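Both of the next two complexes hold chain A, though its partner changes from chain B to chain C.
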Partner chain A sequence: MRDIFISNCEKSFSNKILSEGYRLDGRNYNESRQLSISFGSEYGSCIVSLGETKVLAQVSCEVTQPKQIRPNEGILYINVEISPMAGPQFEANRQTDLSVYLNRLLEKCYKDSKCIDLESLCIVVEEKVWSLRVDIKVLNHDGNLIECASIATLTSLAHFKRPDVTRSGDSVIIHTLAEKDPIPTVLFHYPVCATFAIFDGDILLSDPSFFEESVCTSSTEEGINSGGGVLVIGLNQYKELCLLDHSGAAINSSKLVHKAITSAADKCKEIVDMIKKSIVSDDTLRQKRVKINFADMITQHHLLALTRKDLNIKLKSYNVDDNRSEIDGMDTDHDLSDPEPSKYDVVASAPHTAEIQTKKESSKWIEISSDSEEDEKE
Partner chain B sequence: MITDNDELKDFKLRPMKCECNYLNRSDGSAILSQGQTVAVVSVNGPLDIKMQSQSIGKATLEVLFSSKGGKPSIGDRYKEHVIRQTCESAILGCLYPRTGITVTIQELEDYGGFLACCLNACCLALLNAGLAMRHTFAAVSCAIDEQGNIQLDPAPAQLETSRATMTFVFESREKSLVTAFTDGSYSDSAYSEAMERCRSASDLVFQFYKQIVSKYSYVIG
Partner chain C sequence: MKVAVGEVVLPGDQCEEISLVGEKSKVILGPGLRKEVDGITITKAGTLKKRSPNTYWVDNYQKRYIPSRGENVIGVVVQKAGDIFRVDVGGSCSASLSYLSFEGATKKNRPKVNIGDVVYAKMLVASKDMEPELVCVDSHGKKGRLGVLEEGFVFKCSLNLVRKILNPECPLLNSLKNEWPFELAAGLNGRIWIKAKTMRETIAVGNAILGCEYLNTDEIKSMCTNIASILAGHVS
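Take a look at the complex of A and B:
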């Protein structure tokens, strides 16, 4: 109902700079936004953010009767919800095409690729099995929901532990987490989706933002589709293809798909490694009885602009690495030992991009002249 | 009603942490933690809504509560109702006729005093969205144990041994009661004592609001 439309001049501008090799947020064609994973206090709950896109995943389990055709297998159920929190264009309690599409893709990627050992979820054949339910809640939709949701699903499934069960005769005892250590879910392989936006039938953009996604799937002024579309590729850590989905205009060369798959393969491997690493580090923290909570991810030092959380500027001839050591020093003891008390710090984020963050002072309008180098040196 | 003033001074709430503009697609949003309890709230509005739900005199407020996992329950609907009533009294809806305001709440962690945390996060998100309000509101929860002791902002361990739990919402101008939400059994005197204690503790929450808002606004502080 309340769709967001993009004007023709925005579309043509974005198409123009893309053909010159630039993206609006200053990334390269193959560059992804920053990925961060934070865990909640319970097993199997995490928030994954890919740039500004944020997704909450929670895995829960219950004992149910198995399906008649698969009496010795557990059940995996994936549910995606997009509430008005994700963006003002979404309506409450209504399934949109996007949420159905997302649900189906995740089911293809995680159920149909048989990455979870469902047989290990069986308690009593034909009577009792564990049913895992993955709830995906989209908190903020800023493009590439599929990749973000798939990372969230995989992370929460790999992080989840179910209570231990003992059978004595006919009765089944489910132990609480305090009585017996919970059992992790067995995953045979770790599939992750990667998204590419196709422009002009030959430019591949990895991790498209909301704007790029809307531009490439919409038709141009003449009403003819310009050969744009979105390509979703699911691969596991062994670089085996698990999912291929394409929407938008038809692809006119098979080379493009091959190119996308090879670049997705490396990316997926990287993501899976990062997921594994974050789960291991979370696990060691838990063993040390450190309380992990979503409250940990609340940062209080961002510059609070009214519409954008941070200010991202692309600096053409400025390398953040030159200043990194100095900035790192400022970051650790920014209160008193600051040589000259500046209102804001410049912190490196993506290559060639810096973020401006403030401490306790109230924010001011910061002027960014076309010569942004000067701003940095202030 | 209050006899011992010193006793009222002796209150403590769990540490609060807040980040505004946590979500960039919403008009206003806030993530708030009170101790280990965490909630995210996003506010969208005033925006265009369907003809049949428009009202001529004021903005239509829609509140959605979403739990962390599992199917939506009756308890969620009930929370929605309480939050809706509270927000309705605070927002100057008559300034935005024929429009809609959507408040969406997402549960992240529930370790006691969850409703109070949701309400406080709502108030911060409404402030962040820049909607006109009659007053701000602060929610404080408390628990009454078997001996009749009142514990402000209870932790889960204290909730287990409690006989009753209460959540009070006060407005900022005259500190008068906006919403009361109780559960369990208690005496009349315990109720009024708990209310007075929460009323004085609400000052802490209002101070916290000022601290947060003054980070991005020159108007306060």
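Take a look at the complex of A and C:
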């Protein structure tokens, strides 16, 4: 893995603005980025995005033999994969420290906290149990992978339904989804991880971006890490602690951890509520036989406008839409005649696909002549 | 598929127009075009552009830098190795910068460059088989604006955005400089260094630059006044 190198001026700048009370992207210290959850066509597949960080989770199941020491329990297996798609610093088919660390944290959070009723996954004692496998694939890495991956794991586990099974004598029949309604996984509680970046030993930043994460864990000029680090706290909806992990410089005061846990408790509750709500709304849609898949994520807005709502560097009160609305106010008729200032139009073709076609009307975009573009290159 | 100038092209498309012109006169093929046995093939997804008389290239959205000779870039010194510095410019491999290629540097008088410093340098050698080489002086041995950039802040953006703000027709820098003073160095490798009096002003410059990526001339002007009013505290 090639490390991303952070220059001295970036480090000192970010430390300075944080001590003045600002964050680079205009958020408050305890403010998170936009969280969105979308489901795939199958049970147990979801994409969770936290700002620009995106994680895909898929749960699958198969019948296996149980472990000797736990003959009446099913098996939960978590596998994390980080491909070059997530960021240029990652290599294909290679386990990095980050993926091992992430895997271990998720196992701690979901296996060791015993949130899944593994005994309900047993079919025949000592012979057949369900083994659940959670595959986590990182689609884009823009900081706070841990929180995003944990939300994705929990959502996919809660959303997953396994096929129903009937036992007649010695034989076991596994029913298809059409024959019998599938059974949801039993979750005793819903643990979620929250991440905090620690700066100067006393500033806590929730949901750190990639830049903040790499600055706070990177060593300073003297070669020692001065009070920076990442604190991961896993809590369930009853505000019970399931996981505590800290990397980086040692924490000086226990008050900091207390502060982090109290702020994580409310946040985790909110996240769990959101997960439950989105699963319920997805369920009602599925009962109405509405087809759900990831194609819904790619809206026309995404394809056409290319606009990012979140800038990496932003003033606190800056709003991307401000510029748009001001222009709209100035010349409304201009906007009404051609609402989409694009040469191309997205047209639905086959189901769940779209194609881009050239628009008939002339475009409102300014054509920068190729001459001027070349001049500055020289 | 056969394509013409100004169209959206995809890798594998062929452009007959260029090969026809090429039979009569010399043609310069820019990024995204390649000469094959059976004509000119496109290797990138983007719009095919032409500059008269006969330069063709594919303009696309890109964030990864490919070094090319003569471009001013911003890099981070990652290693000191003997008499050269290794500089990360965002390309596939790091570039080398000799300690003699600074103004007034001699074998005895070494320039003060530390690991982690940000340098503004010119690409001297950029070939596909060799490591790129940077210099911090021009051909007269003067540093001009090149050299180590002190303090300030560096951020990354798309290559298109850098070209957009450097375009003399882009009103961004002209309208920003009337609002508050700042320093700026734009590297064609998609890195921009900014420095202003206060932290907030520096963030505001970065905000304005990143915000203008998908805006047109009028919108950029109104965005600049908007940011200036936020900075002055008129908008809460």
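By our rule, the second predicted complex is superposed on the first by the 300 of 378 C-alpha atoms of A that agree within 3 Å, B and C clash if a C-alpha of one lies under 4 Å from a C-alpha of the other, contacts with A are read in each partner's own complex, and residues count from 1 in each chain.
Quick note on the criterion: a residue touches a chain if its C-beta (ideal position, glycine included) is under 8 Å from a C-beta of that chain, and two chains touch if they have at least 3 such contacts.
Treat the numbers as computed from the prediction; the structure is a model and nothing was measured.
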item: First, second, both or neither for A:Pro88, with chain B first and chain C second; value: both
item: Partner chain in contact with A:Ala295 - chain B first, chain C second, else both or neither; value: first
item: Touched partner set for A:Phe5, first chain B, second chain C, both or neither; value: second
item: Touched partner set for A:Ser45, first chain B, second chain C, both or neither; value: first
item: Which superposed partner A:Phe13 touches (first chain B, second chain C, both, neither); value: second
item: Chain B versus chain C as contact partner of A:Leu139, first or second or both or neither; value: first
item: Partner chain in contact with A:Leu24 - chain B first, chain C second, else both or neither; value: second
item: Set of chain A residues, in rising order, touched by both chain B and chain C; value: 88, 305-307
item: Chain A-touching residues of chain B, taken from the complex the two chains share; value: 17-27, 29, 31, 33, 35-36, 38, 40, 42, 44, 47-48, 50, 62, 64, 66, 68-70, 102, 104, 106, 108-109, 111, 130, 214-218, 221
item: Of all residues in chain A, those that touch chain C in their complex; value: 5-13, 16-17, 20, 22, 24, 26, 88, 221, 305-307, 311-315, 317-318, 320, 322-324, 326-327, 341, 344, 356, 365-366, 368, 370-377
item: Chain A to chain B touching residues, read off their complex; value: 1-2, 40-41, 45, 47, 52, 54, 56, 58-60, 81, 83-88, 92-93, 133, 135, 137, 139-142, 210, 291, 293-295, 298-300, 302, 304-309, 360, 362-363
item: Chain A-facing residues of chain C, complex; value: 8, 49-52, 55, 64, 71, 76, 78, 88, 114, 116-118, 149-155, 163, 166-169, 193, 199-200, 202-204, 206-207, 210-211, 214-219, 222-223, 226-227, 230-231, 235-236
